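This is the structure I have questions about; it appears just below.
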Amino acid sequence: MKNRSGLTAWMVAMLFLVPASFVWAQASSDEKPFAEAHVILQLSDQEREAVVLDTANNLIKHYGGPDFIDIEIIAFGPGVRLLFAESEHQTRIDSLIENGVRFYICENTLDTMERKTGVRPEVIPRAIPVQTGVAHILEKVAEGYTLVRP
Amino acid sequence: MKNRSGLTAWMVAMLFLVPASFVWAQASSDEKPFAEAHVILQLSDQEREAVVLDTANNLIKHYGGPDFIDIEIIAFGPGVRLLFAESEHQTRIDSLIENGVRFYICENTLDTMERKTGVRPEVIPRAIPVQTGVAHILEKVAEGYTLVRP
Amino acid sequence: MKNRSGLTAWMVAMLFLVPASFVWAQASSDEKPFAEAHVILQLSDQEREAVVLDTANNLIKHYGGPDFIDIEIIAFGPGVRLLFAESEHQTRIDSLIENGVRFYICENTLDTMERKTGVRPEVIPRAIPVQTGVAHILEKVAEGYTLVRP
(Lines give C-alpha, C1' and ligand atoms only; values in the text may rest on other atoms or scores of the structure.)
Protein backbone atom coordinates (compact mmCIF):
# COMPACT_ATOMS: atom_id res chain seq x y z
CA MET A 1 0.00 0.00 0.00
CA LYS A 2 2.76 2.37 0.88
CA ASN A 3 4.40 1.56 -2.42
CA ARG A 4 1.27 2.29 -4.39
CA SER A 5 0.63 5.65 -2.74
CA GLY A 6 4.32 6.46 -3.18
CA LEU A 7 3.93 5.74 -6.86
CA THR A 8 0.87 7.97 -7.04
CA ALA A 9 2.79 10.77 -5.34
CA TRP A 10 5.61 10.30 -7.81
CA MET A 11 3.27 10.53 -10.76
CA VAL A 12 1.51 13.60 -9.38
CA ALA A 13 4.84 15.29 -8.71
CA MET A 14 5.97 14.54 -12.27
CA LEU A 15 2.72 15.95 -13.60
CA PHE A 16 3.55 19.35 -12.13
CA LEU A 17 7.26 19.37 -12.34
CA VAL A 18 7.75 18.48 -15.94
CA PRO A 19 5.53 21.26 -17.32
CA ALA A 20 6.94 23.76 -14.80
CA SER A 21 10.53 23.18 -15.80
CA PHE A 22 9.52 23.14 -19.45
CA VAL A 23 8.06 26.61 -19.17
CA TRP A 24 11.24 27.86 -17.58
CA ALA A 25 13.74 26.11 -19.73
CA GLN A 26 12.32 26.88 -23.09
CA ALA A 27 10.85 29.79 -24.94
CA SER A 28 8.29 28.66 -27.42
CA SER A 29 8.35 29.63 -31.03
CA ASP A 30 5.74 28.28 -33.39
CA GLU A 31 8.07 28.65 -36.34
CA LYS A 32 11.09 27.04 -34.67
CA PRO A 33 9.91 23.93 -32.81
CA PHE A 34 13.40 22.37 -32.86
CA ALA A 35 15.35 25.43 -31.74
CA GLU A 36 18.01 24.69 -29.11
CA ALA A 37 18.29 28.34 -28.10
CA HIS A 38 16.20 31.50 -28.35
CA VAL A 39 17.96 34.82 -28.68
CA ILE A 40 16.92 38.41 -29.19
CA LEU A 41 19.66 40.59 -30.66
CA GLN A 42 19.50 44.28 -29.79
CA LEU A 43 20.44 46.83 -32.45
CA SER A 44 20.42 50.34 -31.03
CA ASP A 45 23.56 51.81 -32.65
CA GLN A 46 23.84 52.45 -36.34
CA GLU A 47 27.48 51.38 -36.43
CA ARG A 48 26.57 47.89 -35.13
CA GLU A 49 24.37 46.97 -38.12
CA ALA A 50 26.93 44.68 -39.76
CA VAL A 51 27.94 43.11 -36.43
CA VAL A 52 24.33 42.21 -35.63
CA LEU A 53 23.77 40.66 -39.08
CA ASP A 54 27.09 38.76 -38.80
CA THR A 55 26.07 37.47 -35.38
CA ALA A 56 22.77 36.14 -36.74
CA ASN A 57 24.60 34.37 -39.60
CA ASN A 58 27.24 32.93 -37.29
CA LEU A 59 24.59 31.58 -34.93
CA ILE A 60 22.73 29.86 -37.76
CA LYS A 61 25.99 28.25 -38.88
CA HIS A 62 26.96 27.32 -35.31
CA TYR A 63 23.71 25.55 -34.51
CA GLY A 64 23.76 23.61 -37.77
CA GLY A 65 21.00 25.43 -39.64
CA PRO A 66 18.10 27.84 -39.17
CA ASP A 67 15.83 25.21 -37.61
CA PHE A 68 18.00 24.85 -34.52
CA ILE A 69 18.32 28.47 -33.42
CA ASP A 70 15.47 30.97 -32.95
CA ILE A 71 16.63 34.54 -33.62
CA GLU A 72 14.87 37.88 -33.31
CA ILE A 73 16.41 41.26 -34.02
CA ILE A 74 14.92 44.33 -32.35
CA ALA A 75 15.92 47.69 -33.81
CA PHE A 76 15.34 50.90 -31.87
CA GLY A 77 16.94 54.33 -31.54
CA PRO A 78 19.56 54.90 -34.25
CA GLY A 79 19.41 51.13 -34.91
CA VAL A 80 16.14 51.47 -36.86
CA ARG A 81 18.04 52.71 -39.93
CA LEU A 82 18.92 49.09 -40.72
CA LEU A 83 15.28 48.60 -41.69
CA PHE A 84 14.75 51.76 -43.75
CA ALA A 85 13.44 51.14 -47.28
CA GLU A 86 16.76 52.09 -48.85
CA SER A 87 18.84 49.85 -46.51
CA GLU A 88 22.17 48.83 -47.99
CA HIS A 89 21.78 45.52 -46.17
CA GLN A 90 18.53 44.55 -47.92
CA THR A 91 19.95 41.34 -49.46
CA ARG A 92 21.32 40.06 -46.17
CA ILE A 93 18.10 40.97 -44.36
CA ASP A 94 16.02 39.09 -46.95
CA SER A 95 18.24 36.05 -46.65
CA LEU A 96 17.94 36.05 -42.85
CA ILE A 97 14.15 36.41 -43.06
CA GLU A 98 14.08 33.37 -45.39
CA ASN A 99 15.87 31.57 -42.57
CA GLY A 100 13.17 32.50 -40.07
CA VAL A 101 14.85 35.48 -38.40
CA ARG A 102 12.27 38.11 -37.35
CA PHE A 103 13.10 41.82 -37.55
CA TYR A 104 11.19 44.12 -35.18
CA ILE A 105 11.21 47.91 -35.37
CA CYS A 106 10.32 50.39 -32.62
CA GLU A 107 7.43 52.71 -33.51
CA ASN A 108 8.33 55.17 -30.73
CA THR A 109 11.60 55.82 -32.52
CA LEU A 110 9.81 56.36 -35.84
CA ASP A 111 7.29 58.69 -34.13
CA THR A 112 10.15 60.79 -32.74
CA MET A 113 11.88 60.92 -36.11
CA GLU A 114 8.62 62.00 -37.77
CA ARG A 115 8.07 64.71 -35.14
CA LYS A 116 11.58 66.08 -35.67
CA THR A 117 11.77 65.96 -39.47
CA GLY A 118 8.12 66.19 -40.51
CA VAL A 119 8.49 62.99 -42.54
CA ARG A 120 7.93 59.43 -41.34
CA PRO A 121 10.80 57.22 -42.54
CA GLU A 122 9.77 54.49 -44.95
CA VAL A 123 10.67 51.02 -43.66
CA ILE A 124 10.96 47.69 -45.42
CA PRO A 125 7.59 45.90 -45.54
CA ARG A 126 8.81 42.79 -43.72
CA ALA A 127 9.88 44.67 -40.59
CA ILE A 128 7.41 43.93 -37.79
CA PRO A 129 6.35 47.06 -35.89
CA VAL A 130 6.23 47.12 -32.06
CA GLN A 131 5.32 50.26 -30.14
CA THR A 132 8.19 50.23 -27.61
CA GLY A 133 11.44 48.42 -28.38
CA VAL A 134 12.52 47.82 -24.79
CA ALA A 135 9.03 46.64 -23.77
CA HIS A 136 9.27 44.05 -26.56
CA ILE A 137 12.62 42.94 -25.12
CA LEU A 138 11.08 42.55 -21.64
CA GLU A 139 8.25 40.41 -23.04
CA LYS A 140 10.66 38.20 -24.95
CA VAL A 141 13.00 37.73 -21.99
CA ALA A 142 9.97 36.78 -19.88
CA GLU A 143 9.20 34.11 -22.51
CA GLY A 144 12.72 32.70 -22.16
CA TYR A 145 14.70 34.53 -24.84
CA THR A 146 18.25 35.63 -24.01
CA LEU A 147 19.00 39.26 -24.76
CA VAL A 148 22.37 39.92 -26.40
CA ARG A 149 23.59 43.28 -27.67
CA PRO A 150 26.47 42.35 -29.99
CA MET B 1 -7.81 5.16 -0.23
CA LYS B 2 -5.75 5.47 -3.32
CA ASN B 3 -7.67 8.57 -4.27
CA ARG B 4 -7.18 10.21 -0.91
CA SER B 5 -3.44 9.66 -0.89
CA GLY B 6 -3.35 10.91 -4.48
CA LEU B 7 -5.09 14.06 -3.33
CA THR B 8 -2.59 14.47 -0.49
CA ALA B 9 0.26 14.10 -2.95
CA TRP B 10 -1.36 16.69 -5.17
CA MET B 11 -1.67 19.15 -2.31
CA VAL B 12 1.88 18.56 -1.16
CA ALA B 13 3.18 19.03 -4.68
CA MET B 14 1.23 22.32 -5.00
CA LEU B 15 2.64 23.48 -1.68
CA PHE B 16 6.13 23.35 -3.09
CA LEU B 17 5.57 24.17 -6.67
CA VAL B 18 3.54 27.31 -6.41
CA PRO B 19 6.00 29.19 -4.20
CA ALA B 20 8.93 27.90 -6.25
CA SER B 21 7.58 29.20 -9.53
CA PHE B 22 6.51 32.43 -7.84
CA VAL B 23 10.06 33.12 -6.69
CA TRP B 24 11.31 32.57 -10.21
CA ALA B 25 8.65 34.42 -12.08
CA GLN B 26 8.54 37.62 -10.14
CA ALA B 27 10.93 40.13 -8.70
CA SER B 28 9.48 41.81 -5.67
CA SER B 29 9.43 45.53 -5.20
CA ASP B 30 7.79 47.00 -2.12
CA GLU B 31 7.12 50.24 -3.93
CA LYS B 32 5.64 48.65 -7.06
CA PRO B 33 3.32 45.84 -5.99
CA PHE B 34 1.40 45.96 -9.29
CA ALA B 35 4.39 46.06 -11.63
CA GLU B 36 4.10 43.73 -14.63
CA ALA B 37 7.82 43.88 -15.34
CA HIS B 38 11.01 44.72 -13.49
CA VAL B 39 13.87 46.25 -15.40
CA ILE B 40 17.29 47.61 -14.55
CA LEU B 41 18.66 50.02 -17.15
CA GLN B 42 22.43 50.24 -17.41
CA LEU B 43 24.03 53.63 -18.04
CA SER B 44 27.78 53.30 -18.50
CA ASP B 45 28.36 55.71 -21.42
CA GLN B 46 27.93 59.44 -21.11
CA GLU B 47 26.47 59.73 -24.61
CA ARG B 48 23.60 57.37 -23.68
CA GLU B 49 22.17 59.62 -20.94
CA ALA B 50 19.22 60.88 -23.03
CA VAL B 51 18.51 57.42 -24.47
CA VAL B 52 18.29 55.87 -21.00
CA LEU B 53 15.94 58.61 -19.74
CA ASP B 54 13.82 58.28 -22.92
CA THR B 55 13.63 54.53 -22.41
CA ALA B 56 12.37 54.94 -18.84
CA ASN B 57 9.70 57.40 -20.03
CA ASN B 58 8.64 55.19 -22.92
CA LEU B 59 8.30 52.18 -20.61
CA ILE B 60 6.11 54.10 -18.17
CA LYS B 61 3.89 55.17 -21.07
CA HIS B 62 3.87 51.66 -22.58
CA TYR B 63 2.77 49.92 -19.38
CA GLY B 64 0.01 52.46 -18.74
CA GLY B 65 1.57 54.36 -15.84
CA PRO B 66 4.35 54.19 -13.24
CA ASP B 67 2.53 51.62 -11.09
CA PHE B 68 2.77 48.92 -13.73
CA ILE B 69 6.49 48.96 -14.48
CA ASP B 70 9.32 48.81 -11.95
CA ILE B 71 12.42 50.65 -13.23
CA GLU B 72 15.91 51.05 -11.80
CA ILE B 73 18.75 52.92 -13.43
CA ILE B 74 22.31 52.02 -12.45
CA ALA B 75 25.01 54.52 -13.43
CA PHE B 76 28.67 53.52 -13.43
CA GLY B 77 31.84 54.43 -15.29
CA PRO B 78 31.35 57.53 -17.44
CA GLY B 79 27.59 57.06 -16.92
CA VAL B 80 27.75 58.54 -13.38
CA ARG B 81 27.87 62.07 -14.82
CA LEU B 82 24.10 61.91 -15.30
CA LEU B 83 23.80 62.15 -11.52
CA PHE B 84 26.31 64.94 -10.87
CA ALA B 85 24.92 67.91 -8.94
CA GLU B 86 25.02 70.15 -12.00
CA SER B 87 23.28 67.59 -14.27
CA GLU B 88 21.51 69.17 -17.23
CA HIS B 89 18.87 66.45 -16.93
CA GLN B 90 17.85 67.36 -13.36
CA THR B 91 14.21 68.10 -14.25
CA ARG B 92 13.72 64.80 -16.10
CA ILE B 93 15.46 62.88 -13.30
CA ASP B 94 13.20 64.48 -10.66
CA SER B 95 10.12 63.65 -12.70
CA LEU B 96 11.18 60.00 -13.05
CA ILE B 97 11.92 59.76 -9.31
CA GLU B 98 8.39 61.09 -8.62
CA ASN B 99 7.24 58.14 -10.74
CA GLY B 100 9.12 55.68 -8.57
CA VAL B 101 12.21 55.18 -10.73
CA ARG B 102 15.31 54.58 -8.55
CA PHE B 103 18.71 55.95 -9.62
CA TYR B 104 21.77 54.09 -8.30
CA ILE B 105 25.33 55.38 -8.55
CA CYS B 106 28.56 53.35 -8.32
CA GLU B 107 30.87 54.45 -5.49
CA ASN B 108 33.87 52.66 -7.02
CA THR B 109 33.61 55.02 -9.99
CA LEU B 110 33.44 58.06 -7.68
CA ASP B 111 36.42 56.73 -5.67
CA THR B 112 38.47 56.45 -8.86
CA MET B 113 37.49 59.94 -9.99
CA GLU B 114 38.43 61.35 -6.58
CA ARG B 115 41.79 59.55 -6.67
CA LYS B 116 42.55 60.96 -10.12
CA THR B 117 41.37 64.55 -9.65
CA GLY B 118 41.74 65.07 -5.90
CA VAL B 119 38.08 66.13 -5.72
CA ARG B 120 35.09 63.88 -5.12
CA PRO B 121 32.32 64.78 -7.57
CA GLU B 122 29.17 66.15 -5.95
CA VAL B 123 26.12 64.05 -6.82
CA ILE B 124 22.40 64.80 -6.57
CA PRO B 125 21.07 63.90 -3.11
CA ARG B 126 18.45 61.45 -4.41
CA ALA B 127 20.99 59.20 -6.12
CA ILE B 128 21.32 55.97 -4.12
CA PRO B 129 24.96 54.91 -3.62
CA VAL B 130 26.08 51.30 -4.16
CA GLN B 131 29.69 50.22 -3.82
CA THR B 132 30.03 48.25 -7.06
CA GLY B 133 27.70 48.94 -9.98
CA VAL B 134 27.99 45.52 -11.64
CA ALA B 135 27.54 43.70 -8.30
CA HIS B 136 24.28 45.64 -7.87
CA ILE B 137 23.23 44.44 -11.33
CA LEU B 138 23.98 40.81 -10.40
CA GLU B 139 21.88 41.11 -7.22
CA LYS B 140 18.97 42.63 -9.10
CA VAL B 141 19.06 40.03 -11.88
CA ALA B 142 19.08 37.31 -9.18
CA GLU B 143 15.90 38.93 -7.80
CA GLY B 144 14.26 38.70 -11.22
CA TYR B 145 15.03 42.05 -12.84
CA THR B 146 15.89 42.10 -16.54
CA LEU B 147 19.07 43.97 -17.41
CA VAL B 148 18.86 46.19 -20.49
CA ARG B 149 21.59 48.54 -21.72
CA PRO B 150 19.70 50.87 -24.07
CA MET C 1 -2.11 5.64 6.95
CA LYS C 2 -3.00 8.97 5.44
CA ASN C 3 -0.09 10.55 7.30
CA ARG C 4 2.38 7.99 6.02
CA SER C 5 1.32 8.45 2.42
CA GLY C 6 1.40 12.23 2.91
CA LEU C 7 4.95 11.88 4.16
CA THR C 8 5.85 9.78 1.14
CA ALA C 9 4.36 12.41 -1.13
CA TRP C 10 6.37 15.07 0.68
CA MET C 11 9.60 13.16 0.27
CA VAL C 12 8.95 12.46 -3.37
CA ALA C 13 8.11 16.11 -4.02
CA MET C 14 11.34 17.16 -2.27
CA LEU C 15 13.29 14.66 -4.33
CA PHE C 16 12.29 16.48 -7.50
CA LEU C 17 11.97 20.00 -6.32
CA VAL C 18 15.26 20.49 -4.60
CA PRO C 19 17.38 19.43 -7.55
CA ALA C 20 15.12 21.36 -9.93
CA SER C 21 15.47 24.64 -8.07
CA PHE C 22 19.18 24.00 -7.58
CA VAL C 23 19.68 23.74 -11.31
CA TRP C 24 17.85 27.00 -11.81
CA ALA C 25 19.30 28.99 -9.00
CA GLN C 26 22.90 28.20 -9.47
CA ALA C 27 25.34 27.84 -12.29
CA SER C 28 27.92 25.24 -11.51
CA SER C 29 31.60 25.86 -11.79
CA ASP C 30 34.02 23.15 -10.79
CA GLU C 31 36.70 25.70 -10.02
CA LYS C 32 34.47 27.99 -7.95
CA PRO C 33 32.34 25.84 -5.64
CA PHE C 34 31.75 28.72 -3.20
CA ALA C 35 30.86 31.39 -5.75
CA GLU C 36 27.85 33.52 -4.79
CA ALA C 37 27.36 34.77 -8.34
CA HIS C 38 28.30 33.70 -11.87
CA VAL C 39 28.90 36.37 -14.47
CA ILE C 40 30.02 36.44 -18.06
CA LEU C 41 31.46 39.79 -19.13
CA GLN C 42 31.17 40.65 -22.82
CA LEU C 43 34.05 42.46 -24.51
CA SER C 44 33.16 43.36 -28.09
CA ASP C 45 34.60 46.88 -28.35
CA GLN C 46 38.29 47.60 -28.23
CA GLU C 47 37.80 50.80 -26.23
CA ARG C 48 36.13 48.82 -23.39
CA GLU C 49 39.19 46.65 -22.61
CA ALA C 50 40.17 48.56 -19.45
CA VAL C 51 36.55 48.84 -18.28
CA VAL C 52 36.05 45.07 -18.53
CA LEU C 53 39.27 44.33 -16.62
CA ASP C 54 38.36 46.94 -13.97
CA THR C 55 34.91 45.35 -13.62
CA ALA C 56 36.44 41.92 -13.02
CA ASN C 57 38.78 43.36 -10.36
CA ASN C 58 36.00 45.31 -8.66
CA LEU C 59 33.79 42.22 -8.52
CA ILE C 60 36.55 40.14 -6.91
CA LYS C 61 37.03 42.88 -4.30
CA HIS C 62 33.28 43.29 -3.78
CA TYR C 63 32.62 39.60 -3.12
CA GLY C 64 35.54 39.32 -0.69
CA GLY C 65 37.95 37.34 -2.87
CA PRO C 66 38.18 35.25 -6.01
CA ASP C 67 36.53 32.19 -4.41
CA PHE C 68 33.20 33.96 -4.02
CA ILE C 69 32.60 35.21 -7.54
CA ASP C 70 32.81 33.19 -10.76
CA ILE C 71 33.85 35.36 -13.71
CA GLU C 72 34.23 34.62 -17.40
CA ILE C 73 35.24 37.11 -20.06
CA ILE C 74 34.23 36.46 -23.66
CA ALA C 75 36.03 38.49 -26.32
CA PHE C 76 34.67 38.72 -29.86
CA GLY C 77 34.64 41.21 -32.71
CA PRO C 78 37.09 44.07 -32.08
CA GLY C 79 37.22 42.90 -28.44
CA VAL C 80 39.56 39.99 -29.31
CA ARG C 81 42.54 42.38 -29.43
CA LEU C 82 42.69 42.24 -25.64
CA LEU C 83 44.00 38.69 -25.99
CA PHE C 84 46.53 39.23 -28.77
CA ALA C 85 50.05 38.06 -27.94
CA GLU C 86 51.37 41.62 -27.69
CA SER C 87 48.50 42.80 -25.40
CA GLU C 88 49.41 45.78 -23.26
CA HIS C 89 47.19 44.34 -20.53
CA GLN C 90 49.14 41.06 -20.20
CA THR C 91 50.03 41.60 -16.51
CA ARG C 92 46.45 42.33 -15.49
CA ILE C 93 45.18 39.38 -17.55
CA ASP C 94 47.68 37.03 -15.88
CA SER C 95 46.69 38.26 -12.45
CA LEU C 96 42.99 37.71 -13.18
CA ILE C 97 43.69 34.20 -14.52
CA GLU C 98 45.56 33.42 -11.26
CA ASN C 99 42.30 34.42 -9.56
CA GLY C 100 40.30 31.93 -11.60
CA VAL C 101 38.90 34.27 -14.25
CA ARG C 102 38.55 32.49 -17.63
CA PHE C 103 39.17 34.37 -20.88
CA TYR C 104 37.41 33.03 -24.00
CA ILE C 105 38.14 34.15 -27.54
CA CYS C 106 35.90 33.83 -30.61
CA GLU C 107 37.46 31.79 -33.44
CA ASN C 108 34.97 33.16 -36.00
CA THR C 109 36.44 36.61 -35.41
CA LEU C 110 39.99 35.28 -35.83
CA ASP C 111 38.94 33.43 -39.02
CA THR C 112 37.55 36.66 -40.47
CA MET C 113 40.70 38.59 -39.56
CA GLU C 114 42.85 35.90 -41.17
CA ARG C 115 40.72 35.96 -44.32
CA LYS C 116 41.04 39.74 -44.58
CA THR C 117 44.75 40.16 -43.75
CA GLY C 118 46.22 36.82 -44.78
CA VAL C 119 47.70 36.39 -41.31
CA ARG C 120 46.06 34.75 -38.31
CA PRO C 121 46.59 36.94 -35.24
CA GLU C 122 48.69 35.33 -32.51
CA VAL C 123 46.80 35.12 -29.21
CA ILE C 124 48.02 34.55 -25.65
CA PRO C 125 48.26 30.83 -24.88
CA ARG C 126 45.88 30.96 -21.91
CA ALA C 127 42.97 32.32 -23.94
CA ILE C 128 40.38 29.55 -24.40
CA PRO C 129 39.09 29.30 -27.98
CA VAL C 130 35.36 28.93 -28.73
CA GLN C 131 34.01 28.82 -32.27
CA THR C 132 31.21 31.39 -31.90
CA GLY C 133 31.33 34.02 -29.17
CA VAL C 134 27.58 34.64 -28.92
CA ALA C 135 26.80 30.89 -28.93
CA HIS C 136 29.16 30.57 -25.94
CA ILE C 137 27.19 33.34 -24.22
CA LEU C 138 23.89 31.52 -24.87
CA GLU C 139 25.29 28.31 -23.37
CA LYS C 140 26.56 30.09 -20.29
CA VAL C 141 23.32 31.98 -19.72
CA ALA C 142 21.45 28.66 -20.01
CA GLU C 143 23.76 27.35 -17.24
CA GLY C 144 22.80 30.27 -15.01
CA TYR C 145 25.45 32.89 -15.75
CA THR C 146 24.38 36.54 -15.96
CA LEU C 147 25.55 38.36 -19.07
CA VAL C 148 26.87 41.88 -18.49
CA ARG C 149 28.45 44.12 -21.13
CA PRO C 150 30.27 46.75 -19.05
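Order of writing sets the chain letters: A, B and C. Residues in each chain are counted from 1.
Assume a residue touches a chain if its C-beta (ideal position, glycine included) is under 8 Å from a C-beta of that chain, and two chains touch if they have at least 3 such contacts.
As the structure is a computational prediction, the values presented were derived from the model and not from experiment.
Undergrad: Hey, what angle do you get rotating chain A onto chain B on C-alpha, to the nearest 5 degrees?
TA: Between chain A and chain B the superposing rotation measures out at 120 degrees.
Undergrad: If more than half of the interface residue numbers appear on both sides, call it same; otherwise different. Which is it for chain A and chain C?
TA: different
Undergrad: If you average the CA atoms of chain A and of chain C, how many Å lie between those two points?
TA: The answer is 23 Å.
Undergrad: Considering chain A alone, which of its residues make contact with at least two other chains?
TA: Only 1, 5, 8-9, 12-13, 17, 20, 24, 147, 149 qualify.
Undergrad: Applying the document's contact rule, which stretches of chain B touch chain A when the two form their complex?
TA: 1-2, 5-6, 8-10, 12-14, 17, 20-21, 24, 37, 39, 51, 55, 58-59, 61-63, 146-150
Undergrad: What residues on chain C touch chain A, complex-wise?
TA: 1, 4-5, 8-9, 12-13, 15-17, 20, 24, 42, 44, 76-77, 108, 131-132, 134-135, 137-138, 141-142, 147, 149
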